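Both complexes below contain chain A, partnered by chain B and then by chain C.
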Partner chain A sequence: MLDKLIKIFIELFGLERDEINHDLSYHNYDQWDSLKHLNLVQRLEDVFDIEIEMDDIIAMESFGVIIKILNKYGVEI
Partner chain B sequence: MNLTKWLFISSKYLNKEAILTNSETLMYPQIFNYANKISFFIASKFEKGNIIAILSHNSFFFIASYLGVVKSGCIAFLLDPKSSKEELEQYISKSGANCILSENRLLTKLKNTQNNVISETTISLITEEKPIFDFTDKYIGEGDSPAVIMLTSGSSSNKKMVLLSHKNIISNTKSIINYLKLNENDRICVVLPFHYCYGTSLLHSHIHVGGSLFLHNSIFIGTVTKEINEYNCTGFAGVPTTFFILQNKTKFLDNKYIDLRYITQAGGKLASSILKKIKIKIPYVDIYVMYGQTEASARLSYLPPELLLKKIDSIGKGIPGVELKVIDDNNKPVDIGSVGELIAKGENIMLGYLNDEKATKQKLKNGFLHTGDLAKVDRDGFIYIIGRKDDLIKTAGHRVSPYEIESIIITFPGVIACAIVGLEDNLLGESLVAYVVIKSDYDLKEEIFKMCKKKLVSYKQPKHIKIIKSLPINSNMKVDRNILKEKARQEFIRNESGLL
Partner chain C sequence: MNTKNTKNIEFREIKLKEISAVSNLFNEKWRINHIFYRKPEVLKWQYYENPIRSEYTDDMTLLGVFIDDVLYGVHGYIPFIFNYYGKKRRACHFCNWYASPEIRRGPIGIRLTTDVLDQYNFQACFGYAFSDFSRFILKRIGWNIEQAFPRYVRITNIENTMEMLNDMANNKKFYQYLKSTIIKTSVINNINNYLIEEIENFNNLKWDNFFWNKLSKNIIGPARDKKYLIWRYKKIPIFKYHILYASNHLGTAGLLIYRIEEVKNTRFKVIRITDILATTEVVEIFAKRVIEIAINEDIAFVDFFCTLSNFEPILQKQGFIYSKNNQAYPVPFLFSPLETDKLKMEFGWKIFDQNQSLLKQKLYYTKADGDFDRPN
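Let's turn to the complex of A and B:
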């Protein structure tokens, strides 16, 4: 499952695998803007077949936090 | 009169909030003094008419820099902070900007820039040597002299630099205040970037009436569903994408709004199904559908909210002070129901494009702005945009507007968004390609093909339908048709080459 999540980040942000870590956040990565954030939500919902609540969409500020939020939706990572 | 002076003419001494964010509030005297400080600094270093670029997200720094530069008699060139390093470099060198005022977090984007970069920190360190510089009598830069340069939407390669005068913007702002009935009790919830003319118009109108602006600053636009009430906003302005996201992804329409008086929508056509839905769900909020162009300082027309359902799909009529006409190829007004180009006249029409006389001459003819938009007029004089002159697709001998087909496909069950582009075709001249965003993973392609065959005459039926996760959007939040065209070329021409 972690691989799937990493793949989404690689495709969406054009990052290399080793650039992705728990601290990767929209605060420190310029490419991660509001439109990309929305694409990210869409991809996560599609790939993991979940529907993310608004409060969680807002809280998803980093790769690490996203893993925690996905866990909440029953996605084991 | 100088634009900045006019904007603050009655609001500068108001002891009330001007700009609010989630963390901080600036009162009118504070923002006025901040702008004055920058104005003094700029005026002491640069000549009147010099171009000063501003690179910043929506923030106190943006507002003070913009208003300060304009007040100094220099010309403020508003850059898009989402641009790449290369694009920024290109705009800066093309414009001949003398310096760039940059927000701290964007400085890395200017590393390769040769020009003089002045950071937010440098500005914050200025201590005035004199009491607040007062321009009371000798305003430099006013009336017909240029105040602002804004970039048009469109793909990065053909963005144009629009030169607007102090008078252009003052005239347009007066008109907007008039038809939106804005006053000092109004507070707008801002999600649009200030470098985009629709965003800047919110700033102008609210500062002039002494109202206030709440700057939304979250990674997800959905927070506005709470913020509108939390910050007692009376107005909300968005482009089609804004309302698309809000009604698909949030509880925007299920909320009860306490102070919200009106919503404005411009920047492209919003599907009438969504407009109707908004009207039904929050009937107590006035909805203003509006139309404009950067070349018109922002606004050209609006539809009075009480006519929304009666004249759905219309952009209304010219705003006060603007004359709109729809003309045929011989420059004669078209008959009711016939299609022609929309042209506009008024004090808000730009001076021209910077350093591009040829494009200016094509756009401004006999005092009229040729919008490049195709439109129809109904019996009561209401205008309906049919499409862009450039977007028209010539297929099988017909001229087809992508918008017309999109507006039909979008009504199919399960469809969220759609864009039609033309693709070179040996047989048809151009064939139609539909890019469709759907609600679930379920592949509706065949269904959509079937529906098209039912609802559209043969030459309006797409040859290819492609399901796509989302439509590419340009920096002004409009669908980027050039990207889709290129995508279609790559996907379909290559595939077909073996067959042809």
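Let's turn to the complex of A and C:
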């Protein structure tokens, strides 16, 4: 599952694998803009077959937090 | 572009004394020289002078995004009384949703919307849905998105309309189409039962009784009581609206409100109807009167953005064409400057916990609502 999540980040943001870590956040990574955030939500929902609630969409501020949120939806990473 | 560190971002309502920061944000970053929003007096009217604003906040009904006390984004809401078949509910229009590029990170734009919704328990919401981003968010929170605001159009001068659109020489088909819409308007038998006059203001009208007892029970939408009409049409610091008042031996029979808009840097004008509040038979009499005014004033066409399809058979008899079901009428609606490639306004709406499709048939929502009535 972690590989799937990393693949989403690589494809969406054009990052190298070693650039992705728990601290990667929209606060410190300029390319993570509002539209990318929406694309990210859509990709997560498609790939993991879940529907993310609005409060969680807003709370998704970093790669690490996203892992915790996915766990809430039964996606074990 | 220098992006801002968004760690210490603050969301809060904007104070009246901060109004110039809002107009600067609009004018410098968003819509340079926008007719409305570079003017603090328009912002004050829209977000502070609203008749029920004080029931929601001591500040402006405008949420701001600040970093180190500098304003980087806004989301406006205009609360209003929502008429629900004669009962009063609470609702709002969403307007001016904007985040400066430096802070367009993650879910900041989304938070601007959800913070407003979370704070107040509005039972209906409406708003412009002009971008893919806004449409995505609004759909996501359960709003209905209309690709085109329904619009009634009555061509009153074909030559002016064609020339205005710079289409006179090269589009005979369009000319023929416009010509086919000009019909001989039907005779109205009871026209002499009513007195139609232009009035200057609403002060002497016994309007609320008529609105709540005669009109409100058959429709839903922003309540057009006297307080609302005065704020909407007389206190607005831009535009002159004309008020036609109908009466008969029983008293008030209706109002029609319109303004004449000049097409910037041309000799052409259009009439924008913004409200028709009348019993069925008076609607047609009003329409006929407006067409007479338009012809006398050499107006290219008359339009009326309105969701209520009940007017269709009545206005049709006076030559209005109704564009609904997301199909736009092929004449533009923005005139300062004329934008010939823009033919439709997208908008979103949600009435909570009700059958949306059923409600849609009874919804009376017009260009007068929210921030829809603007020239650019």
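To be clear about the criterion, the second predicted complex is superposed on the first by the 77 of 77 C-alpha atoms of A that agree within 3 Å, B and C clash if a C-alpha of one lies under 4 Å from a C-alpha of the other, contacts with A are read in each partner's own complex, and residues count from 1 in each chain.
Everything below uses one rule, namely that a contact is a pair of C-beta atoms (placed from the backbone, for glycine too) under 8 Å apart; a residue touches a chain by one contact, two chains touch by 3 or more.
Everything numeric in this text was worked out from a predicted model, so none of it was measured.
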item	value
Partners on chain A (chain B, chain C) - clash or fit	clash
Which superposed partner A:H37 touches (first chain B, second chain C, both, neither)	both
Partner chain(s) touched by A:Y26 [first = chain B, second = chain C, both, neither]	both
Partner chain in contact with A:K4 - chain B first, chain C second, else both or neither	neither
Touching partner for A:E61 - first (chain B), second (chain C), both, neither	both
Superposition clash, chain B versus chain C, among 223-231, 403-411 or 457-465	223-231
Those residues of chain A which chain B touches in one complex and chain C touches in the other	26, 30, 32-35, 37-38, 54, 57-58, 60-61
Parts of chain A lying in touch with chain C, wherever the complex brings them together	26-27, 30, 32-35, 37-38, 54, 57-58, 60-61
Complex interface listing, chain A residues touching chain B	26, 30, 32-35, 37-39, 41-43, 46, 54, 57-58, 60-61
Chain B - residues contacting chain A, complex	82, 109, 218-223, 225, 245, 249-251, 441, 469-470, 473
Chain C to chain A touching residues, read off their complex	3, 5-7, 99, 104-111, 114, 132-133, 136-137, 140-141
